[in-house]
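Okay, so subunit A shows up in both of these, paired with subunit B first and subunit C after.
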Partner chain A sequence: MTGQTKSPSLKLLDTAEKVSQGAEAKIYRVQLHPTPVCSSSAAAESGEVAEKVLLKYRFRKQYRHPSLDASLTKSRVAGEARALIRCLRSGVNVPGIRMVDAPEGILGIEWIDGKSVRFLLGGGAEGEEEIVEDATDEPEEGDLPPEEDQLQEYGISQDALMGMIGTEIAKMHQADIIHGDLTTSNMMLRHPSSRKGLQLVLIDFGLAYTSTLVEDKAVDLYVLERAFSSTHPQSEPLFAGVLKAYETRMGKDWAAISRRLDDVRLRGRKRSMVG
Partner chain B sequence: MQSFHYPHLPSEYATVHVALYTNVTNSAEIRGRIVRAAQLEGPDGETEREAVNFAFLDARLICSPLHLQTAVYQAILAQVQGSIRTKTVHSEILWALNPTNNITEAIRRYGVADTTTALIVVRICSPELNDVEKRMSAVVSGTLSSLDALVDITDWASVKKYCKLNGEPALKAVAKDPAKERLLVEEIVTSSVAMKSVMA
Partner chain C sequence: MPGRVRKRSPLKAPERPYIALGLEGSANKLGAGIIKHSPDGSTEVLSNVRHTYITPPGEGFLPRDTAQHHREWALTVIKDAFAKAGVSLHDIDCICYTKGPGMGAPLTSVALVARILSLLYNKPLVGVNHCVGHIEMGRQVTGAQNPVVLYVSGGNTQVIAYSQQCYRIFGETLDIAVGNCLDRFARVINLSNDPSPGYNIEQEAKKGKRLLSLPYTTKGMDISLSGILTSTEAYTLDKRFRPHGPSAEDSEDADIITPQDLCFSLQETVFAMLVEITERAMAHIGSKEVLMVGGVGCNERLQEMMGVMARERGGNVFATDERFCIDNGIMIAQAGLLSFRMGFETPLTKSTCTQRFRTDQVHVAWRA
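What follows is the complex of A and B.
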């Protein structure tokens, strides 16, 4: 990095469209690779329309010592990228990675053309302040028309959507990846018209880690259950649909997780009262 | 040839020229020239190095234009930030494409071999250089083709082998559907290139 001028990635951010902001990162949308200029001699080159990219910028935190901030930011960008590639290799639907600039704290991922599950279930888009909620740092867009007709555009029923959620989480847990922040805002339904077709995509792996423990998987599910009940009315049948698909996919591993999930429900997600 | 201009990059790396050559007949000669150019001393060496100042890639191992662009972009970022691992920004593209950290292996696999018949030539330079296509064609004897022709050139079996994708659970799930499998392989490979700088 040259000291005197702005780094390329920060210049790129200047041209990007800001989508949302959380406490940890800002989210931008930008076209990373410019539309090509074709020289005359080659045959007419069509090419696809250049893909949009989502940039997650973990900005400098003034409240931290600069060197600590730099190393934390770098390791978090790296951690998120590694979790994503592990998911991809395990067949979990997640956004593809497009660029990584760890020193600047920038992660570029595939832009998902679609809506969040939260929005599709009528939980409103994030940022609409009618519901008290925790801030998360992934994008949300759109507003207005509620529920049912939203899903019609995607050609699936609410039950089918719940099944897709359960299956996707099960695939992730089978690969020993724990998401750490499962909510309906961190799941998106890719529009059927996109190149990869209709898919349920898990997003925001900022808190993800690897673990083989039944406890961690049960807590992951518990966090989602709480998210369902706090953002969507009459969520019990919905979440039951998620668990049913999860159970089917997990097979013999389900029994242990189910038992542990019951324990977690009684005590909450923290195992001990210490710390 | 296609050219991409990145306005946010420093001007000496802001323009990327990419060309696909098929029916290449002189790949052994090209490889020989690159090796010799590296050894020549004095002004002759300078001239020869400038003449072959490109990245030469085996087109069979490139899945898509996006795969290539990702490698080029990460190579430029490394160059600008001073974290480059190889000697030039062009060889850095080869390094970015290869899943391991072994530079020799990267050049052997992704670079031009004596038997290569489909070649992708990349030049990263400032926007002022405007006779790049002429310079490329002076080195490569082959048919200049559209990058769209890449879909028929990619050797998916080799891509999967080099990126160690055989046996991955993701691929088993789509084994019966070649179109879906390609989409998935392309996604994993492109993502791997993008995150190589922070690979575990």
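What follows is the complex of A and C.
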């Protein structure tokens, strides 16, 4: 691709710093409004300063059919933006929107200073590799360092964190938004020293949609429950704390969702598994 | 630079060669395989024999008839396996059989054979989880160390990763399995079941030209496939559908839909969903390897798509050919022998079968 044909949002990407590659997108960090309009007191008055923004770039997936890819990318970006707006309106903690370019697959959102819940629960950092040695090898000197309590810095307990998760998901479901990909990687804890203070923030709404159905809310919870047991096997009991807070926040709506969650769990185990 | 965690394998090198017989019959394939683990750490497939119960086009296999097929062929297939391996039943250390999951009647018919041989030759039994069999054989054949496993077959669709002596299920189908979806569509358009409906869909798809719009449903690492099957079937009732290709009146660029287009669209859409959830799991656990097992795993288009995705992430895809991808006895021997070497045996009184036996219920004692 040549410079002339590049769209403004792709050009912006060029100036951004790539921070990671997630499940379906590359994540970049960029300063928006990098050159304050000098001499203009208006800019100064409106407090316009360079802001850290995250660009989520759903690049072309070569493995899938181009027309399928184009339509999926466009609908995912637009859908993610729509879900974020809906959450923001309903007071669910999510990153604010800074820019949307659906055809190019680019979404710009507020940068959250903090860590993912997955990391804070000791689920490891992404990209951690395991090396297996033969049983006959010499024993390694010294064992792995004990796992640090990642949460200490944030001044809250694991149980409190579970409560925050349950409450935030309940707020989202009360607004009839289904996340579609609830995992501990897709929630972040805003650092207490940041401007908005300690907050649980839900992210990654690429598979989100709106629905009033009890079934969809139950499946959303089931997906998270499974993510807990697969990513944090030791922390599995913690999930009860998530449900407790969710129940409190949902009030009278909880009974139906709870019943359906039991159904969904049963379906999962009963699913026919022939050859 | 990614962090590295060192772990020690609990499986000790064998002090002498170990040989195991594996018997599989959880669906319409009957398999017997003989494997050998040597003190130098090598693994050798001594034989791997299979006989498939093939039904006429438009028909699936029923449990009773399939069990009947397995009973009829058991002795032939087992004898053949021993003849090809050049060993006798006296030489083996254990008899491994599929405990589940699968269809009840076929499973039980093979377990019965295993029990009889165990009593006749005084050999211990080892009950094996079919899915774990696929994973262990796949790891053995390809050398993949700690891959994300996409297990795709007639009855299963799971994204699996190993952690703490367990193959954990990260994602799976919320309704029907991918092989089931393809097979059922093959029946709708009357494709042959020989060698398998999925294979014939793949051949037809190569001739497909247009991508028709089908529902694309991923939920996190799970997928749903029943909607897409219904929609693909619905196209066969569309006015534009030509079951035997373009008719004489159709112009070159006529707006028509052929069975080949449907096979193509079905594959492109379903496989894109599979690759997407696999990629999601890779990102989630930080693995760069993918291993595909199960019958659908030998589909070359799926392998190609998975390969492109893995390379985009700087990783690799590992796949096996039909000898190991399609249900077989050797994979049961491999997984069974690994657990036998860790001291596991299935007492005769517990040598039952279970139709529902989840991958994550198995204690993977042989891995660190």
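Here is the rule we use: the second predicted complex is superposed on the first by the 218 of 275 C-alpha atoms of A that agree within 3 Å, B and C clash if a C-alpha of one lies under 4 Å from a C-alpha of the other, contacts with A are read in each partner's own complex, and residues count from 1 in each chain.
In this text, a contact is a pair of C-beta atoms (placed from the backbone, for glycine too) under 8 Å apart; a residue touches a chain by one contact, two chains touch by 3 or more.
Values in this document were obtained by computation on a predicted structure and should not be read as measured data.
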{"item": "Partner chain(s) touched by A:Gly180 [first = subunit B, second = subunit C, both, neither]", "value": "second"}
{"item": "Contacts of A:Ile97 with subunit B and subunit C, given as first, second, both or neither", "value": "first"}
{"item": "Touched partner set for A:Leu68, first subunit B, second subunit C, both or neither", "value": "second"}
{"item": "Subunit B versus subunit C as contact partner of A:Arg259, first or second or both or neither", "value": "neither"}
{"item": "Residues of subunit A contacting subunit B in one complex and subunit C in the other", "value": "none"}
{"item": "Subunit A - residues contacting subunit B, complex", "value": "1-2, 5, 7-9, 11-12, 14-15, 32-34, 36-39, 41-47, 51, 74, 77-78, 81-82, 84-85, 88-92, 96-103, 108, 174-175, 195-196"}
{"item": "Interfacial residue positions of subunit B with respect to subunit A in the complex", "value": "1-10, 18-19, 65-66, 69-70, 73-74, 76-77, 80-83, 133, 144-148, 165, 168-174, 183-184, 187-188, 190-192, 194-195, 197-200"}
{"item": "Residue numbers on subunit A that touch subunit C, as the complex places them", "value": "21-24, 61-65, 67-68, 72, 124-137, 139-140, 144, 180-183, 185, 207, 219, 223, 226-227, 229-231, 233, 267-275"}
{"item": "Of subunit C, residues touching subunit A in the complex", "value": "2-13, 26-29, 41, 100-103, 130-131, 145-146, 153-156, 161, 163-164, 166, 168-170, 172-174, 177, 211, 216, 218-222, 268-269, 272, 275-276, 279-280, 282-286, 295, 304-306, 308-309, 312-313, 327, 355-358, 367-368"}
